[in-house]
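Each in structure tokens, the structures are laid out below.
Each of the two complexes below includes chain A, the first together with chain B, the second together with chain C.
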Partner chain A sequence: MRLEPIAHPSLARRAGLPALALLATLLSAMALAALAGANPLAVLGQIAVGAVGSKFALLETLNRATPLIFTGLAAAVAFRARLWNIGAEAQLYLGAIVTVLLGTGALPGLLVLPVTALVAALAGGLLLLGPVLMKTKAGVDEVVTTLLINFILLLLVSYLLEGPMKDPMGMGWPKSTPLVTEARLPRIVEGLRLHWGFALALLAAAAIWIIQTRTKLGYEIRAVGLNIHAARFAGIPVNCVLVKTALLSGGLAALAGWSEVAGLKGHLSLDLSPGFGYTGIIVAMLALLHPLGVVVSALFVAGVFVGSDAMSRAAGVPTYIADIVLALALLYMVLALGLTRYRLVRG
Partner chain B sequence: MMEIFDILLQASFWAAVLRIASPLIFATMGELICERAGVLNLGIEGIMVIGAFTGWIAVYAGLPLWWGVGAALLAGMAFGLLHGVLVVPFGLSQHVVGLGITLLATATASFAYRLILPEVTSPPKIEPFQPLGLFGPILGAQTALTYAAFGVVAVVAYVLYRTPLGLALRACGDNPAAVAAQGLSVTGLRLGAVMVGSGLMAVGGAFLTLSAFSSFFFEMVNGRGWICIALVVFGGWGPGKALLGAMLFAGFDALQVRLQQTGIGEILPYQLFLALPYILSILALILMSRRAQVPGALMIPFRKGER
Partner chain C sequence: MQAQEVVLRLTGITKRFGPVLANDGIDLALHRGEVVALLGENGAGKTTLMNILFGQYRADAGDTQAFGAALPPGQPRAALMAGIGMVHQHFTQCGALTVLENIMLGRESLWQTRLGRAKARARLAQLMADFGLTVDPDARVGDLSVGERQRVEILKALYGEARVLILDEPTAVLTPQEAEALFVTLRRLVAQGLSVLFISHKLGEVMALADRCVVLRHGRVAGAVRVAETNPAALAAMMVGGDLPGQAVPPGRPGVVLLSLRNVGGTGVDLDLRAGTITGLAGVSGNGQAALADLISGLARPLAGQMTLGGQAVPADWSPRRAVQAGVGRIPEDRHRQGVVGDFTLAENAVLERYGEAGFARGPFLRRGAIRDFAAGLIGKYDVRGGGPETAARGLSGGNMQKVILGRVLEAGPKIILANQPVRGLDVGAIAYVQSQLIAARDQGAAVLLISEDLNEVLDLSDVVHVISKGRLSPGFARGEKTVAELGLWMAGEGFDHAA
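Coming up: the complex of A and B.
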């Protein structure tokens, strides 16, 4: 058995294989539900109802999708250049730290929101710059460095919450001083629990799509990702492109932290992100790294999480079914992508 | 400085170094085998979690301790097979598949834990491996699994450098076309290496539940897998130097725990001490990457007849 490249994959192949991957995901979810002793179809139904079945459920899904759009875009932008940023979790938390730092009275009223967002994004970008420089200057694999930085940043948050940023009114809970009202993102519609972070996430997706399809940087990022040696030979400033990609990707991940603190929670705590940074990788891969696809897949992934929470309470299947199903979805999709470009032949 | 000196003179410090190093040694050897054969295995973190869980739940279910180790080994090899099939014959991105395996294995452990023990709030304890009590206070404080870890290093070094199989494995990582020209199967060798390596990673995870903590917690692996990847680089892809790296690393880890209880620990926040292992790993990567002998075909899928 060996792989033979396909020069021009047919449309059926390009659309059919990802569709098969989604079908396999669905079947796996049903198998896991059966394994847990529940009725597979009923479990799927309960997940769907729990995700979009009521106004409350739908808003919860949109809220959950907001940080995932940002971290999904962060992964999509970086992976397009074959820059393996697995540090979105750290960049998210740094964005949140900056938001609390500037949003608790340090800045005057009107400036607070835009300045916290900008500085948070910049800080996240700079945090990814370290691993990128280690990659370009010393040849250190950025996967490992970005992963290790995630652990360091979480310890930094733990330190800040017990010391300098501790909420004096927190009754012993490890959380930060709350943001001032001017630093909070308002709700889109008064009375509905959905903040402007969601709209800004959509805007970010559109902006990244424009950058990727309509600008020189987008072209250069694709060239570096397709073949770094060819790109260098063609005169593209590869290191410079990688630095710009890092600033963009780290910045997007940091905005997830900014939007969670300024839009949803109002303060920083150690459970701000249940792994949004890592889930962003799944979101990006399911979207085949397309920025507008990221929005769709973030909604799907958020729905699976929110729906599974509701289903778990009713059907007694552990909520971790969501994590398994999404990890499987990632592997199925990577396999489907691989098989679009190669076919297995004998010999 | 006097505090550090005092700590270095304690037998309990050196006993802790060997204990902390043991899971790292198993997992580092596992990763090293994979990478020498040309496959980066980022599934390591999740495979350590599934190993920790499988070993613990098997012993909790009534199996003897060594069967628990065996169960962890098999679980690791199963995930290794999945990783191997996706990245070797199918040639998919080793980065993405590896992360996917880590997410899948971690989620599988959590799901199975909740399925088997739906109601418990704190995980039940098991009777772990006991210290053997041989050869004085430092070696005597170690369990049989620590001795096994050092045994594994010797076996890996012997097989890699002294047997035809080792030669073929190293060639798979450096020049797979030469292996294929010898009529050997690059796919088979790489698959085997990933499976055996993943099995060792899982045993490293099982050390945590069966020898160190006697119970299973969701966050217990806590980045050890990623640290082992750094240790492989630090050791220049050689088993001896990687062992040295794991010991050095464990030394710093044992030292930071003890320094927290001295005068230095009162001045500096404890989080800084906890961050030390990760910071050291990054420093080690920067210092060693330039000089390191990276296997020439690491992360490059092999396709027969393609150049």
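Coming up: the complex of A and C.
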């Protein structure tokens, strides 16, 4: 058996294989449900209802999708340039730290929201800048450095919550002083539990899409990612493009942290992110790195998580099924993409 | 040479790629102890035939036999196992491994652990001594020159105990003297009962080396003759059919010096590129061409000596972008790697060097309509076949890809053109087109630097020829001043010693 490249994959192949991957995900989910002793169709139905079946469920899904859109965009932007930013989790937490630093009374009222957002994004970008400069100057693999920084940042948050940022009114819980009201993102519609972070995430996706398809920077990012040698030969300033990409990617991931603190939680805690930074990679890959696709896949992934929580309460199937389903979805999708451009032949 | 056992037989091989019939009912037989040349122009179907033999492609019809047994189609290992060794035109090596590791690669089961490694090293040393092919066994293949990598490829085949050796245009990267040494090697192999199938488009080599010659033209066998019973003219006629031989290039009108190098790299490289002149750089690959090309294309900065453009020293921040802005058009050596972004459309590739110019961008935004129109114009003007502005570049043939690069370079109106291996791997039609465009650019006053391993190409096109060898550059020779043999001596580094 070997792989033979296909020069011009047909439309059926390009559309059919990803569809097949989704179908395979669905079937696997049903098999897992059956394995857990529940009725597969009922489990799927409960996940769907739990994700979008009511106003409350839908809003919960949208809220959960918000940070995933930001981290998904962060991964999508960086991966386009073949810059493997695995550190979105760290950038997210740094964004959250900055939000708490500036949002607990340090700044005057009107300025506080835009300034926290900007400074948080800048901090996240700068956090990714270090690994990128190590990569361009010394050839250090950014996968390793960005991954390790995640752990460093988590320990930093842990320290801050036990020490300098600890909420004196927190009854001993490791959480920060809450944000002042001016630093909080208002809800889009009064009475509905959905904050402006979601709208901003959509806006960010549209902006990234425009950057990638319409601007010189997007052109440069894609050229560097697709063929760095040709890009360099043609005179594209490769290192400069990578630095810009890092600022963009790190900034987006930090906005996820900002939006979670300012929009949802109101304070920093160690459970702020259940791995949004890592899940963002899955979101981006499922979206084939397309910025608008990131919105769709973030909604899908958030729906699976939220729906599985609800299903678990009703059907008694563990919520871990959500993680397995998403992992399988990613594997099937990657496989489908591979088979779009290659075919298996015998001999 | 009397007829002996047939070691390799191809019967009725036919292969079609879309509308192109690459091989059409080809029959070929190779006997023990025989050298057969497979002669044909670029694109005549020689390489396709070999890829079928080695299972890279499946033939649409026909079959192959080695030592009397049929080879299963589409299985690359089958031919190797049957004792057929191939030296590819494009090397199949792993750049990160050493020479020894590359040679052992794929034969691991024969060689166990360190003991095997020592044995392999000893055997390789013996082979190198026997056949006069010297390469450092511990050098990383990625660091070797193209010429050295070919030696590795030949050694690899010999090492694999091949009884039939197939060489695909083996002399393309060798000096005439090195080629002669290779011929001696091959004759020694044949005397020991091996058989050689030798693919070439050079008549001289065929006459010098082969016992028999099979000529391919447009995918068919145009003739099969004993070399002793024929002559180069007859072979040429068979090879090109009714086609006329190429016209001699009229000389250029030399103008002012546009680019000048003085002792760059500290090895006495002095070079003047004059307007209206094609300056040819002959030499075996890996003798400093890459460093010189990097310097002129902006990838490297002069470390020593002086580089001036139009009389001005190049800026300290010399870079590819600066080079483009200074009017240096660059045709890179490896068009797939450096020339185009394969997954970009033709439109995107057409402006790869110039997307930031006012015509193609407004503020941070690209003017996509203008870019598409520019690409459409380029595609029409340079006769790019196989796609429109929105087609991905990777789908194009090498010739059409090169036309896109050529168009991109020429449309910028360059004063200096660096053409690094501009026709490598192209078919006859594309070669003629690219060369005629370079000549036209010269006639409009551009200074062209042509770097090529093909001495004939350099001699045909150039007004001035320099030879590069071990980082040193010969003085410029006017057209016709030196014979091929004399230039060959320079390529081997001998002229420098006399001149110094």
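One rule holds for everything that comes next: the second predicted complex is superposed on the first by the 347 of 347 C-alpha atoms of A that agree within 3 Å, B and C clash if a C-alpha of one lies under 4 Å from a C-alpha of the other, contacts with A are read in each partner's own complex, and residues count from 1 in each chain.
Here, contacts are C-beta pairs under 8 Å (C-beta built on N, C-alpha and C of every residue); 3 or more make two chains touch, one makes a residue touch a chain.
Just so it is clear, the model here is predicted, and its values are computed rather than measured.
Undergrad: With both complexes superposed on chain A, which partner does A:Ile324 reach: first (chain B), second (chain C), both or neither?
TA: first
Undergrad: Tell me which touches more residues of chain A here: chain C or chain B.
TA: Per-residue touch count on chain A favours B.
Undergrad: Thinking of the overlay built on chain A, is A:Asn39 touched by chain B (first), by chain C (second), by both, or by neither?
TA: So A:Asn39 meets neither chain B nor chain C here.
Undergrad: By the touch definition at the top of the document, which applies to A:Lys216: first (chain B), second (chain C), both, or neither?
TA: Touch status of A:Lys216: second partner only.
Undergrad: In the overlay, answer first, second, both or neither for which of chain B and chain C A:Ser10 touches.
TA: Once the two structures are laid over each other on A, A:Ser10 reaches no partner at all.
Undergrad: Which holds for A:Thr181: it touches chain B only (first), chain C only (second), both, or neither?
TA: Neither chain B nor chain C is touched by A:Thr181.
Undergrad: Is A:Ser54 touching anything from chain B or chain C once the two structures are fitted on A? First, second, both or neither.
TA: neither
Undergrad: Looking at the overlay, does A:Leu156 come into contact with chain B only (first), chain C only (second), both, or neither?
TA: first
Undergrad: Across the two complexes, what residues of chain A are contacted by chain B and by chain C?
TA: none
Undergrad: Over in the complex, which chain B residues touch chain A? Could you list them?
TA: 42, 82, 86, 89-93, 95-97, 99-101, 103-104, 106-108, 110-111, 114-115, 118, 222-223, 226-227, 229-230, 233, 269, 271-272, 274-275, 278-279, 281-282, 285-286, 289-290, 303-305
Undergrad: Residue numbers of chain C touching chain A in their complex, please.
TA: Touching chain A: residues 72-75, 297-299, 319-324, 330, 332, 337-344, 348, 352-353, 355-356, 361, 364-366, 368, 395 of chain C.
Undergrad: Along chain A, where are the residues that touch chain C in the complex?
TA: Its residues touching chain C are 7-8, 214-217, 219, 222-223, 226-227, 229-237, 345, 347.
Undergrad: Help me check something: in the complex, which residues belonging to chain A touch chain B?
TA: Checking each residue of chain A against chain B gives 1-3, 32, 35-36, 84, 86, 134, 138-141, 143-145, 147-152, 155-156, 158-159, 162-163, 278, 281-282, 285, 316, 318-321, 323-324, 326-328, 330-331, 334-335, 337-339, 342, 344.
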